[in-house]
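I have a structure here, written as structure tokens, and I will follow up with some questions on it.
By letter and in written order, the chains are A, B, C and D; residue numbering begins at 1 in each of them.
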Amino acid sequence: MKVGVLTGGGDCPGLNAVIRAVVRKGVQEYGYDFTGFRDGWRGPLEGDTVPLDIPAVRGILPRGGTVLGSSRTNPLKQRDGIRRIKENLSALGVDALITIGGEDTLGVATRLADEYGVPCVGVPKTIDNDLSATDYTFGFDTAVGIATEAIDRLHTTAESHMRVLVVEVMGRHAGWIALHSGLAGGANVILIPEQRFDVEQVCTWVTSRFRASYAPIVVVAEGAVPRDGDMVLKDESLDSYGHVRLSGVGEWLAKQIEKRTGKEARTTVLGHVQRGGTPSAFDRWLATRFGLHAIDCVRDGDFGKMVALRGTDIVRVPIAEATARLKTVDPALYEEVGVFFG
Amino acid sequence: MKVGVLTGGGDCPGLNAVIRAVVRKGVQEYGYDFTGFRDGWRGPLEGDTVPLDIPAVRGILPRGGTVLGSSRTNPLKQRDGIRRIKENLSALGVDALITIGGEDTLGVATRLADEYGVPCVGVPKTIDNDLSATDYTFGFDTAVGIATEAIDRLHTTAESHMRVLVVEVMGRHAGWIALHSGLAGGANVILIPEQRFDVEQVCTWVTSRFRASYAPIVVVAEGAVPRDGDMVLKDESLDSYGHVRLSGVGEWLAKQIEKRTGKEARTTVLGHVQRGGTPSAFDRWLATRFGLHAIDCVRDGDFGKMVALRGTDIVRVPIAEATARLKTVDPALYEEVGVFFG
Amino acid sequence: MKVGVLTGGGDCPGLNAVIRAVVRKGVQEYGYDFTGFRDGWRGPLEGDTVPLDIPAVRGILPRGGTVLGSSRTNPLKQRDGIRRIKENLSALGVDALITIGGEDTLGVATRLADEYGVPCVGVPKTIDNDLSATDYTFGFDTAVGIATEAIDRLHTTAESHMRVLVVEVMGRHAGWIALHSGLAGGANVILIPEQRFDVEQVCTWVTSRFRASYAPIVVVAEGAVPRDGDMVLKDESLDSYGHVRLSGVGEWLAKQIEKRTGKEARTTVLGHVQRGGTPSAFDRWLATRFGLHAIDCVRDGDFGKMVALRGTDIVRVPIAEATARLKTVDPALYEEVGVFFG
Amino acid sequence: MKVGVLTGGGDCPGLNAVIRAVVRKGVQEYGYDFTGFRDGWRGPLEGDTVPLDIPAVRGILPRGGTVLGSSRTNPLKQRDGIRRIKENLSALGVDALITIGGEDTLGVATRLADEYGVPCVGVPKTIDNDLSATDYTFGFDTAVGIATEAIDRLHTTAESHMRVLVVEVMGRHAGWIALHSGLAGGANVILIPEQRFDVEQVCTWVTSRFRASYAPIVVVAEGAVPRDGDMVLKDESLDSYGHVRLSGVGEWLAKQIEKRTGKEARTTVLGHVQRGGTPSAFDRWLATRFGLHAIDCVRDGDFGKMVALRGTDIVRVPIAEATARLKTVDPALYEEVGVFFG
């Protein structure tokens, strides 16, 4: 049995932990051979492989990124992409494929399985935590931890200068990182893509916070959008909600707050720091267990499935079902957290 | 409505986050008054209170420990303890009590409710994560994170000197901290209280690790016990499993490894560092949500209940049921993790 | 003896440690009284004070920011500013003033001393480490630590995607943070305000790094400037070197690299996170010792002096001399570090 | 030119940074070849080498420990040890040797140079910071940071339970780690090997701290010793001061405090965690600069020298002089810090 492994899409702390777990268990317990594919779907598309055995995965557990490399190469957009992958897998003698990735990566796996009968197992990966069918995805806890630590740091500087600090975190379509890090960091306003925000309401919260002699921290997801009419955008584009997308919502919001409240406001855009570096203990645990269960799917011949977290259990769900819709923040949860605004 | 709040048992990162959430929501949304009791059950037993309002909970979210103080005072062991508490609560005009604690603390709450009809709501707290009915308790993630970071650090010193490093972590009756931090830290052996360990097997794993030119890390829960006959103990006592308890299993094990393998071994006992300091983002999230739901129980008149985590939901379960049995590590999970031993 | 204390300019981890040390030693050993002034020079200018005694400084050692508040209020720019301060100090019975701040704040202290004979002692504060006469200023080590951790995190994401990561750090006029964090973080290019950079040279280093199968990290101080002719700026202004100042050099550079090398480049602007939060152990040590020596200056009647670090000793230097010129990166040191470029 | 490199004695964060800097500059700027020796002096004694070139040092900057391995092997204690080393170096064509280590390791280098004319350059290494001739040694700042973070964590647990927390840190003969981490962590008592302590005085400080409604943290160096008569020891031995050495001074002290004050006391022994893991930014900076200057000594033919930090400069001093005496804590500095006791 020869198993191919690839990691696609944006990188995420925990990818290496998955790879290590897959290989350790596959080799030691089931005697499988492995082939690593380089840079996501580019690997099988071009037949670009890298050796993958126990020595290759030693010491990678605490390391961020992916030793296999990643890319956003989408074979569905290339002529004969899927067919070329099928041929390369056959030529390499790969019997099954473990694909670690988000919606796009797993979507290709579904096509491969459906059209060419390639046995695929999926491992969900999105730092934004917006994939249905799993309670959490690895990388998310690390990102939330990094954002929370940044917010902790910004409190003291905000209060020393009685300034507003706006922190823009990741989350194009879902506000999970904003919600979790904002709550954990004691932010006074949290803005998410799922609910258009009202700049006047934000300013009311900001002002009320200053009245209590504290300085406000505003956490805003990169995909958060103000209500219609609140702004005129130059670089506007429509996002997946049909909303106007804003490049640099943090900067824009800080300027609005300054103009409307008369208080100084500063912006911090956390950016790629959120997705790099060593995974948190939680993410190493989750990613490792995902890997262990993914290789068990292969052994069981249980293909077309994705591993997922439910409570404290790892379960198997159909890949197609899992990627069907985005997991966004429930309005009730957002309201629950709203008690800390202002 | 006047609500009393107390924290009992060993302290735990996240206690302050619970207190803050209870008070913020209780005051802002429901207009309740609060009374803080000092040092767990000692507070209501002696009528020792501390003011508890929104200014009192400002800024405490990221702080470890508990602003209310804690103690292991058990009113069940005092003459008329439960009756005196009942009288003090009446005298202070306290209408309901939120008790944040582990088995012992919540057990008293059950008695208070059953015998005197005092309306109680429980919030589960155990750094060991060994309370049934909830997927996780706050404080656990922080402890695992601290232990994992320590294990990360010990790898490099182990390998530079080709030594065995034994790390003793918390966990008297349940091996959750050892299991999670050991897996996340890439330990080569993990020993938990739920399964007696065989020193010879440990030495086999240690030796096999050295053969791969790496140095082994052995993570052992403080309550782990070797098989019968493996040791003669001077300070022996029986634990709740009827096992012989060992004081200082880490030190003992290191000596055994040195004697049997001829390799140098060193021990690190992490101790109280695991339960102090700022909570992780995960624990702040969980503790805050526990607090928000606990005060909702009060508002709903839903007493005798404990809040609990199930997946990503906060649910309510009967206190009595929740503390009925210890949540220990499932043998199947321990075996799953065993692929990384040696 | 009544001693006034104020903190001016941008906040910096360690300010609270200075305040605590001054008060602890002043009260316990010398029996002094203290008056805290709010928000830098605004405090004495408007007679805005805050009580300052041992209870007021308990627990503030590990906290970032300043309990006294800070501002950039410059009394030299206000009519009769210096005279009003003098009058307020007299009215409040303040016998001596400890001013904790950078060039501007200490400059006012010099004027107060020279023109009105107000006994002043200075404590140097600049997160940029660009004050002459002292080996280091507190806050700098914390900022370097935060920037280094961010760079560590960015390596893995850079390599997983074979992208260039540009990290913009603080440092308008001096490149100390860029130099130290860039070296400590293993950056492949470090650009500082002291030496104009050549975009072509940067691209050569970037390309050479990719050839070694690694992805480059470029650390750039916010005040770094490309060579004449390299760019056309819209929002240009002259900095203290007579250089054209660039707003957003990081973003600009990333675009240039993409255009010239054909590689993807991403920018991270660390911003205020660098100056917030708990001080490093080194900064707590340094700030505390500065405080202890500042209050000794008061006791010795040694006014007009600033405390400074020389090796491991705290010494006293004339304030005026200390602020005379900016401490910038020596070309020889920059060249020493250049061995790691490319 | 072929240069040998070895690391001896206990490991220390920063060793890899030195090795990397030596090799990077030696190869790139001077065209040297390198030979790595395994496990300190064992390497040249037995001719055990490891390849050392630019690929071998990639990525090691942030890693703790030493890729060359270390040991306490002392060739002076072996028959013909020095002569065998000389012969192996000749056989391998090694023209100069860079030895990174503490007193013992550098002592051998001195003998090699004096007796056999082997050209040696020393790089000082001691986590305890007790080597004369240099302001700081790398590894020390990391150790202080780890100990300070632990103390930060212990404050909250101490205060929640109104307990004494005794923290035992490294430092057999010098109290630098205790002094710096104790001051930075806001400890209420700091005990160092340089001054015998009086248990009664410690108890007075502990009691006074409780009176202020806070709980005390006592930081004690592992080599700290109580005054004569204060204790009867079973495992006694004489240390380098002629003092009685105590194994487990932390545990002993906690028991004494409990007995004399009636307060609960707990002990944390930080152990090897202090010397492992990724170096702080300060230590990476210092270690890298030591490496760059050590290879410059080789190029200059300036042998018998050790690199050292003076202020912000790296200087060269005779090895023999540098190791002549231990750098211990000055009584005046200890007294300066004493203002925070109690």
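What to note about this one:
Going forward, a residue touches a chain if its C-beta (ideal position, glycine included) is under 8 Å from a C-beta of that chain, and two chains touch if they have at least 3 such contacts.
Since we're looking at a predicted model, the values are computed, not measured.
With steps allowed only between chains in touch, the distance from chain B over to chain C comes to 2.
Looking at which of C-D and A-C shares more C-beta pairs in contact, the answer is the pair A-C.
Inter-chain spacing, taken between the CA centroids of chain A and chain C, is 35 Å. Rounded to whole angstrom, the centroid-to-centroid distance between chain C and chain D, based on C-alpha atoms, equals 30 Å. Counting partner chains per residue, chain B shows two or more touched chains at residues 152, 278. By the touch criterion given at the top, residues 7, 10-11, 13, 15, 63-66, 69-71, 146, 149-150, 152-162, 165, 266-273, 275-278 of chain A touch chain C in their complex. Every residue of chain D that touches chain C in the complex is listed here, in rising order: 21, 24-25, 28-29, 58-59, 61-62, 135-136, 141, 144-145, 147-148, 152, 180-181, 183-186, 212, 214, 278, 280-282, 284-285, 288-289, 292, 310-312, 336, 339-340.
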